[in-house]
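Multiple structures are listed underneath, in structure tokens.
Okay, so subunit A shows up in both of these, paired with subunit B first and subunit C after.
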Partner chain A sequence: MIRHLLKLVWNRKRANALILVEIFFTFLVVFAVGTLGLFLWDNARRPLGFDWQDVWAVRVNMQAGSDDTFTAEQVETAARLVREVETLAPVEAVTGAMMEPFAFGQYTSGRTVNGRRVSMSVNEVTASFAEVMRFDVVRGRWFQPADAALAWRPVVIDEDLAREAWGEEDPIGRRLGDPDPKSPEPERRVIGVVRDFRHHGELSGPDNFVFYHKRLGHPQDRPPRVLLVRVRPGTPVAFEEELTRRLQAVAHEWSFEIAPLAQTRESAFRLRLTPLLVGGIVAFFLLLMVALGLLGVLWQNLLQRTREIGLRRAIGASRAEVHRQIILEQLLLTTLGVLLGTIVVIQLPVLDVFGSVLRPQVFGSGLLSASVAMYLLATVCALYPSTLAGRVQPAEALRYE
Partner chain B sequence: MLGNYLKMALKVLARRKFFTFISLFGISLTLLVLLVATAMLDQIFAPQAPESRGDRTLGIYTASLRGEDSVYNGFAGYGLLDRAVRGLPQELPGVENISLFTTARAAISYVGGQKIESSLKRTDGAYWQILDFSFLEGGPFTAEDDAAARFVAVINETTRGRFFGDEPAVGRTIEVDGQRFRVVGVVRDVPILRVVAYSEIWVPVSTAKSRAYLKEYQGNFMALLLAHSRADFPQIKAAVDRRLDLAEAHIPDRRMFQTIDAGADTLFEAVSRTLFEARESRPELLWALLLGLAVLFMILPSINLVNLNLSRILDRASEIGVRKAFGASSHTLVGQFVVENVVLTLLGGALGLGLAAAVLAGLNESGVIPYADLRLNFRVFFEGLALALFFGLFSGVYPAWKMSRLHPVQALRGRTV
Partner chain C sequence: MIQLERVTKKYRTERVETTALDNVNLTIDQGEFVSIMGPSGCGKSTLLHLIGLLDAPSGGSIALDGKPVERYGDRALARVRNERLGFVFQQFHLVADLSVVDNVEIPLLYRKTTGKERRRAALAALDRVGLASRTHHFPGQLSGGQQQRVAIARAIVGKPAVLLADEPTGNLDSQMGDEIMGILQELNQEGTTIVMVTHDPRLAERTHRVVRLFDGRQVQ
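And now, the complex of A and B:
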């Protein structure tokens, strides 16, 4: 049956070639938009790992010429800022960090663990970070102020990183990063593991994450770039004004910018979703265009094949059989187009392009959904023309010639 | 003769309503997307007011500082830009004016317990001479205001509404980020896509809370250079490059960064510089990217159009046969099909233009993009139309021509090429 249909398709190769090309390109478009959508959706349903509600970020600009040099005086001022904020009534807790969640930009670091290269995102936070962001440690413990006295530097990692670096083994007490004589670094040891921490927000992909311990007021640690303040629920925005005034009173020369995490989160969402939305709308109309075009072409082709179909009916083929033949022919053509598209698309993971987006699960479901969409499109387009074909009267075929 | 063709074409199109609809749908939709996309690009790059002199303006929009293992990609600081442009108008006759100003940053005000968030830009006096704002009330602040660090502000129409309702604002005071400014002018809203001109509140650079910015190499400043004409560009670029080379010796943090990658660019060059993280601006790369995207987008509609046209023509084999049998020449037949396709494409084009105008008006009204002022680009419209015409003729006329050379008897029997 298939072989026979293939022959039929081959007999009309010129008309079919164009349909094939059209299906091929449509498949690529659907795959691209679908995979991106699936990637974001798959990300969004994973737990975030912290609670952003009622947390305000205070970006601290020390108005110094460079980002990485700082004075003992600045370190002292930063510590005073934190103490000042802690005393305010609407504040539940405050912490200092290098980066705020959801914000654009990241700091990644590569390390060799057991001879394997592992890359991870880093944030340097003070001991109260876990209290402000409200997450629990699943293994080991979180930082405490007394850690400042340790001979080595403690780190807390997330489950992603624990899995990648040590698999199923217990990471507590392990050294993060093999000793490297070329770039001497303080020894860092894992003291705790938290659930996946998705610093870049719900829409970002999984990411290895590590927290360094920032010692507030320690002359060797850079003053925090951002203070994260957990305020009591229902604190009015007017408190921002008060907060700024108090901060300004401690550090006249510095400037502060307050933004609730909810707001940063929203703009991060917008930044990521707008391109998808625009792409989705354009892809939808392209699809509609292709669907209508395909419908028209199939219809037209059938009108030309009236004789052939009439003949089949005359020698005893039932209406349903003709109907099925037309749809199967179309599905066969779609299969060819989808196969062609799959061959092209599969090159992406093979060549390791977009590796972070095309993780196996996303790639697989993207491929599947694009294929299903193409078959659906083809069936819908072939439905009406094939019904028409089924209605062809044998007499009509005989009327020709 | 032509009138006859036209009549025939419209008849044929009306007879096959479904096919006409699909073709029109494809052509107009493709043009719609092209036009909306270019309207956005125009809003960013084209010299539209207040950047009416944008075609003879260069800017230092971003800067990279590089060291052995550190890179800073971002906006430049005042100190760096000052070294790059200060005194250039006296040095180079081609430079008419220079301006230093910050990017628009969020600024908070509280009015009667309500929080108002505005974009705030700090500028010098020359900014108002290079750009061409249209003032509804009052006027700009001047270089003297900036030199004396007077707390004066220019606000846009919407901000006036937020603070004062619809009453006149000049002479009244606004409090922004804890600083009080006297309003001296109100300008018409500026689209957010215009990086240089966009803001909601403009105040003098010297009103910044600390003077530390004066020495910064990393910061949030941009510089504009107004040239007398485009012919002066190469000279200005070279002069800025020389000055930036000299500025490398004064990088505040020499241990981390040793070189500066920046330069006087047109906006388009600047975007390609940041996009491709190139050390030199490579505008041709951005052109290639944009063209590539456009081609990729148009492949499907083109194939669709070709596909439809082909099957439409094949279907009309017998019609061609009849006409040939009655003595029509190949030329006449081709002429007929040309007219038919042109009519179809023009109809689709008109429809696309109408749709695009409606969508742009909707976008401007809706406020999805703050203060958007998107306009139709007719050059792109005609280019898109020409492309549609090409594919239409290629797919509609060529097969018709081949068929018209068949023997009438074969054509009549419905034999296809």
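And now, the complex of A and C:
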């Protein structure tokens, strides 16, 4: 029967082309939105790598100097700020960083390791960062204040980066970046590895991460742009005012902007969920339109085929068999559309469009769910027309020329 | 083999009720070749459709092999139509998008057969009607007579006990008509019961018995 129907579908290619094109494009859209959704969901269920609760971010604006120029006095003031905050009763720990987790925007860097280009996100943090953000070092060690005296610059990397740069080998003691006489960069060596650190939040994809050591009060290191303050659980919001007052007392000219990390985290969520929401709404309406269109086209096709259906009934097809045939035909057509769509979509990983961001399992699940969605859509749309087809009366259908 | 008792068929549309058949009694025995004649609109096609179980009578009863068919469900009816009956239509009713051999295979799709067996049976049936050389043509590429022969091949591919033909030569010239009639006669000689509607007295003469209808009633 399948072969018979394939011949029918093929010999009616002109009438079926429209349906095929609809299925093809809908498949692409459903795949895109579905894969995005699965991607975010897959990310969300993985560990974040740090603890954001009860951490406040204080963005520091020195009101002078550009991004890279700063004065010795500013460096000194920043160190005093940290010391001042440490003394406050509700504060458990303070650290300085280039940026806070969940923050919009990122600093990425590419390095050549053993001749291979590896890209990574960077944050520059002071030694107390691990204590404030509460994460463990799985290999080697974290920064210590004494590291300021080293002739080379220590870095701590996350497992993603360790795996990409050195595979299963031990990264401790290795140079991050091959020697390059043209580059002014100091030599950086790996001293520790932490679990996947997901700076961009729960919804972000896999990301290679590296921490540079920011030496607080060191004349060569830029003062932190942000202070991360871990407060005792239950600290009231009112502490924000006192904190500002104390900071302002140390640096009158500077300005400070305080927000709990929880808040930054929420805006990060919003930023990543908006495209999914918009895409989801678009896909939903598209599906609705395609469903209606498909229903119409199927119906139209069936009206034109009443005589053929009557004939099949007359020479031995039961109601159920006609019903089944129409649905099967629709499923065959869907298979063609899905196959075409898959051939197109499969080019993305073949051309390495996603790099390592999209895990193969997520891609596969996206493909699978888009296919299932198309089969569901096709079946639902074929249900009513095929019921009508089953009701065709042979004597009636064969009467008129 | 087929018995119609006091069969009536009425068509009801919104405004009018047409009595297409009125109290028809007819028995067709196994191996018979019966022709049905009568003016246009007298109910010949209606009668053939009832015999072929394509439609249900408004009154009276129809029995096949001694069993009344009223109580048959859809599946059982489909099965009888498929295995016991073969139908040839005045307008051929071939599926334009399928090749000749695929058209002939259609009845076998609704039985348990293998693809190979289907193909073999279809080719044999086409050979039977003298179309072995046209199996991969499409209906649109054939003459009227050839198309009707394809329709006959399709009707006999499942080796039915009864062949029902509604003006099988109506759309053909007399030479083609003779050819088709020859095939039907051969089939009848091999044991197939045939009921044929025709306008042509010359063809009716060559059958065992003529049933005449006038305005839905049997005459004589």
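Points to keep in mind about this one:
As a convention for this text, the second predicted complex is superposed on the first by the 384 of 401 C-alpha atoms of A that agree within 3 Å, B and C clash if a C-alpha of one lies under 4 Å from a C-alpha of the other, contacts with A are read in each partner's own complex, and residues count from 1 in each chain.
The definition used in the following text is that a contact is a pair of C-beta atoms (placed from the backbone, for glycine too) under 8 Å apart; a residue touches a chain by one contact, two chains touch by 3 or more.
Just so you know, these numbers come straight off a predicted model, no measurement behind them.
Of the two partner chains, neither subunit B nor subunit C is touched by A:Ala151. The partner that reaches more residues of subunit A, of the two candidates subunit B and subunit C, is B. Legend: residue contacts after superposition of the two complexes on their common chain; A:Ala259 is shown touching subunit B, with no touch to subunit C. Contacts of A:Lys7 after superposition: subunit C is touched, whereas subunit B is not reached.
Applying the stated contact rule after C-alpha superposition, one finds that A:Val290 touches subunit B and leaves subunit C untouched.
In the superposed model, A:Thr244 lies in contact with subunit B only, and not with subunit C. After overlaying the two complexes on the shared chain, residue contacts for A:Ala89 are found with neither subunit B nor subunit C. By the touch criterion stated above, A:Val21 is placed in contact with subunit B alone, subunit C being left untouched.
Judged by the touch definition given at the top, the superposed model places A:Gln393 against subunit C, while subunit B stays out of reach. According to the touch criterion, the shared surface of subunit A, contacted by subunit B in one complex and subunit C in the other, consists of residues 401.
Of all residues in subunit A, those touching subunit C in their complex are 1, 3-4, 7-8, 11-12, 307-308, 311-321, 393-395, 398-399, 401.
In the complex of the two chains, the subunit A residues touching subunit B come out as 15, 18-19, 21-22, 25-26, 29, 63-69, 236-238, 240-241, 244-245, 248, 252-255, 257-259, 282, 285-286, 288-290, 292-293, 295-297, 299-301, 303-304, 400-401.
Subunit B makes touch with subunit A in their complex at residues 18-19, 21-22, 25-26, 29-30, 33, 72, 77, 79, 105-106, 108, 110, 113, 115, 177-178, 209-210, 212-213, 215-218, 252-253, 256, 297, 299-301, 303-308, 310-312, 314-315, 413-414, 416. Residues of subunit C touching subunit A in their complex: 45, 49, 52, 54-55, 74-75, 77-79, 81-83, 86-87, 89, 91, 93, 95, 97-99, 102, 105-107, 109-111, 115, 154-155, 158.
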